[in-house]
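Please go over the structures that come below.
What follows is a pair of complexes built around chain A, which joins chain B in one and chain C in the other.
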Partner chain A sequence: MPAKKLSQSALALWVRKLIETRRVVAPQAKAEHFAYAPLSQAEDLRLDHDVTILPPRKYLMPPSEVLLRFTRKDGYTSVIEHEPMILFGVHPYDVAAIAQADRYFLHDRPDIHYQTRRRSITIVASDVQNASEDVFAACLGTATVHDGFDVLLTRVGDAYVIESRTPAGDALLALAQDLQEADPVSLGRREQVWEDAQKLLRRQVLKCNPQELPALLDAAREHPVWEKRSQTCFSCGSCVTVCPSCFCFDVEDELDPDLQSGTRRRQWDACLLSGFAVVAGGHNFRKRREERYRHRFYRKAKYLPERFGFMGCVGCGRCVKACTAGIANPVEVYNTLLEGAS
Partner chain B sequence: MKKLRMAIFDFACCEGCQLQIVNMEEGLLDLLDIVEPVEWREAISDQSEEYDLAFVEGSITREEDEQRLKDIRQRARILVALGACAVNGGVNRLKNAPDMDEVRRCVYGNSATMPHLATAPTKAVGEVVKVDFEVRGCPMSRREFTYIVRCLAAATTPVVPTYPVCVECKLRETVCRYEFNEVCLGVVTRAGCNAPCPAGGQWCYGCRGLVDDPNVNGAKDIMDKYGKTVADLRSRMELFNSVEARQCQGQ
Partner chain C sequence: MMQTPASTTAEADADLYLPRPATVRSRTVLTATEMLFELAMDDGKPLGHMPGQFVEVSLPGIGEAPISVSSSPDGRDRFELVVRRAGRVTAAMHDCRMGERVGIRGPFGTHFPVDGVLRGRDVVFIAGGLGLAPLRSAIQYVLNHRKDYGRVTVLYGIKSPVERMFLDELDDWSRRPDMTFMETVDRADATWKGNVGVITRLIPAAEIDPKRSIVVACGPPIMYKFVIVSLYSIDVANEDIYVSLERRMKCGIGKCGHCQIGGLYACLEGPVFHYPVLLGVEEAI
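This part shows the complex of A and B:
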């Protein structure tokens, strides 16, 4: 469907309509920050948010989800939890991270839990209006996106250009009133927004092409940066918990009070936590803080690019703020390695 | 399935952890399906010679208590420390100043020399006998308590968090107390409480004790970053982690 134009008031009416028909989850104010939460009124929607505390992955793969119920007598039954939902106002870098999750969980042997939930989610992406202070998406090519969503909203002055890319997106747009054809001026302004995003979403500058990172890391295993920076690491996993590109999980069983039945859950895990690499028998193959700290950068900028062709980082900058010790910033780490390499 | 014979004992404490058990309401009935209380001063009048599962609440502060605890240990197949007082001495440990006579005079005034008030430096249960499992927190977490009992009844090993409270803060999307210019002990404190304090606008005071490998040195270093001093950090640790606080030197 060709791009349309929607006034601010028509957008609010459309959002109201969407809330009436479906569960809408969108960025809203939380203390001085923003968080995705179910939207109960259009007025709470904050398309001007800079970044949310947790990425929308909390809806694609909840922090704790039931995989199955079991009983001692009768074996198990899979539990597929899902609820039709519109993820509204998703920034391009988070759209890119969802595409990565799709790659991990839908290809080869699809994960039925992820797949079912993913199919019931419609994504309304939104170009960034205010850049967060730590963002570097433009350095990684995720400041704007051109696929991976159902609808894209771009603010152009007082109005929005809105474009659907899928039948699910068309169905949402059908609920909007006062949709106009997007005029060439508005479309030109949208191009300008995309161009500006390349500058705005570059609050930190990675001093190399991301394609060079695997080779850079390859030579840096013994670099002093790991030991030095990890001295103040609390192994708190915050850098990973807030990351849209991290998908590690742990599986745990819990018995019901009668001890005859129980629940198996999948929970978010984090490679920075001290127990992450403990295996049966109690051996921990990443026992030292430094090894865990280093692993995160290797996974993101070497192992994943080598295996899948993309970095496990979309440059949202969340980890920078989330790390109490102030050591999680990937740009600082890669740039430090570059200094030594040149 | 045979029910586990359970006993609960209290030492120096406020008995707040036992109260958590009594207050479980329907949860208590579920619990009684898998355990049979054979000794529990707060709830029943029976006494028993041996137990599958002994819960010990409170810290050890008198010599005769050490003996009583050793006796309990001998009769118990599994011994579980209940709450901060038992796990690491909790608030009771605050009194472990170099001069115990001064502590006695301060608390008991003229009666300080009475023999039954002969208080000794506070010990955690694990400093006197072997502890098999711990239920942390002040008061202890009910959810964790029932979980551990269920695991023990089913002969599986309970998995309790070894990571810091920050994990649970992030999952709840609580804005970090450091952003409000406060010192929060969550970075070195063991999770499992679901971080209610920061979520309610209060820094974590470490009631669940420290993680296994707390980066206290890291905590010292970041005090500078937030314009705080090691004294700020130490004063917060005093309440529940006074031993570690005293090891934390410097300004």
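This part shows the complex of A and C:
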């Protein structure tokens, strides 16, 4: 469907209509910050947010999710939870991270739990209006996106250019009133927004092309940066919790009070936590903080690119803020390695 | 406004996390901490594994644990697992009686190349401690197809005589004219009349022909460091070594991230690795 144009007031009406018919989850103010939450009124929508505390990953892969139900007598049954919803106002770097999760969970043998949730989610992406201070998405090619969403909203002055890419997106647009054809001036301004995003989302500068990172890391295993920076690591996993490109999980059984039935759940896990690589009997294959800290960067900038073709980082900068010790900033890590390499 | 999460319960054939029911057919105490379980899938079909592969064993309300299959697949509907009492799931497993039901996912991972490069070669099995459990599957397979292989040697090392498993089989192996079996204990007790010392001591004595042999090793992490060096000293090439590595294989399907060894997944590229693949992978051994 060709791009359309919506006035601010028409956008608000459309969002109201969407809320009436569907569950809508969108960025809203939360104290000094922004967070994704179910939207109950259009006025709470903050398309001007810089970054949300947690990425929308929590809706695609909830912090705790039921995989199976069991009874001691009858064994296990699959539980496929899903929650039809519109993820509204998703920034391009987060759209890119969702595409990564799709590849991660759906390649080879698809994970049906992720797949079912993913299929019931419609994504309304939104180009960034305000940049967060740690963002470096432009360095990783995720300041703008041209696929991976159903609808894209771009603010052009007092109006929005809106474009659907999928039948699910078309169905959402069908609920909008006062849709106009996007005029060449508005489309030109949208091009300008995309161009500006390359500067706007470059608050930090990675001093190399991300494609060079696997080779850089190949030679950096013994680099002092790992030991030095990880000295103050609390092994708290906050960097992982806020990361849109972290997918690791643990699986645990939970018994009902009758002790006869219960659920098997998966929970977010973090390779920074001290017990992540412990095997039965107690041997820990990544015992030292330094090893865990280093593993995270290797997974993101070497192992995932080599296996799946994407870097496990979209430059959102959330880990920079989340890290109490102030050591998580990937740009600082990679640039330090580059200094040594040159 | 829809605010209630929708949820469906379904029999999902495609659910990679759904265990299939299996029943305990027999159990045998092997040592103070190891128990052998013979299991059969409730659908009556064989497990369909190859030697060296593992399964995820589920106990409702307790959880899931990765366990290597310890029996050869040859034409049997039943399969065996050696379970060491080491954590929550394995402790609960030890309480499972005959006729009780467990959940099984798998088999997962790579296998010892018994149907490939091992054919026609001398085969040297090096088992350290509980490493005998997965290797036993391959040893049985090789002995069941004895004519397909050259000389067969099994080297077995354990800490103390009370940890010896499969005493009847060890006895059988030591008597068979078509194979060499050698064992050693780190610390002898009053009953022990055999070799004393670490497993690497057996390697020079085993008369391994480095040109004809493939070495297949399984044991605790510390064992590999010394065994590999010892194999180099008798000119065994990296290309002729296979090892099986233990990690926390939580999902078995390359998704949960727990068993990563550098960029490798123990559940996908392992647990059986061709040794050259591990060269330069710092976390491997």
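The working rule: the second predicted complex is superposed on the first by the 342 of 342 C-alpha atoms of A that agree within 3 Å, B and C clash if a C-alpha of one lies under 4 Å from a C-alpha of the other, contacts with A are read in each partner's own complex, and residues count from 1 in each chain.
Just so we're on the same page, a residue touches a chain if its C-beta (ideal position, glycine included) is under 8 Å from a C-beta of that chain, and two chains touch if they have at least 3 such contacts.
The model shown is predicted, which means the values in this text are computed figures rather than measured ones.
Contact with chain B, but none with chain C, is seen for A:Pro63 once the two complexes are overlaid on the shared chain. Touch criterion met: A:Arg299 reaches chain C, while chain B stays clear of it.
Once the two complexes are laid over each other on the shared chain, residue contacts for A:Thr324 go to chain B alone; chain C is not touched. Shared-chain residue A:Leu259: touches chain B and chain C both.
In the overlay built on the shared chain, the residue A:Ser40 is in contact with chain C alone; chain B does not reach it.
Look at A:Arg22: by the touch rule set out above, it reaches chain C but stays clear of chain B. One of chain B and chain C touches more residues of chain A, and that partner is C.
With the contact threshold set out at the top, residues 252, 255, 259 of chain A are in contact with chain B in one structure and with chain C in the other. Within the complex, the chain B residues that touch chain A are 1, 27, 30-31, 33-34, 146-147, 150-151, 153-154, 156, 159, 162-164, 166-167, 170-171, 173, 175-176, 178-179, 186-188, 211-213, 215, 217-219, 221-222, 225. Chain A contributes residues 19-23, 38, 40, 67-72, 75-84, 104-105, 108-113, 120, 221, 247-253, 255, 259, 261-262, 264, 266, 269, 271, 276-281, 283, 285-286, 291, 295, 298-299, 302-303, 306-307 to its touches with chain C in the complex. Only residues 30-33, 35, 53-54, 63, 231-238, 241-242, 252, 254-255, 257-259, 268, 270, 273-275, 289, 322, 324-326 of chain A touch chain B when the two sit together in their complex. Chain C contributes residues 1-3, 5-12, 14-19, 21, 58, 60-65, 84, 86-87, 90, 101, 103, 220-221, 246-248, 250-251, 253-258, 260-263, 282-283 to its touches with chain A in the complex.
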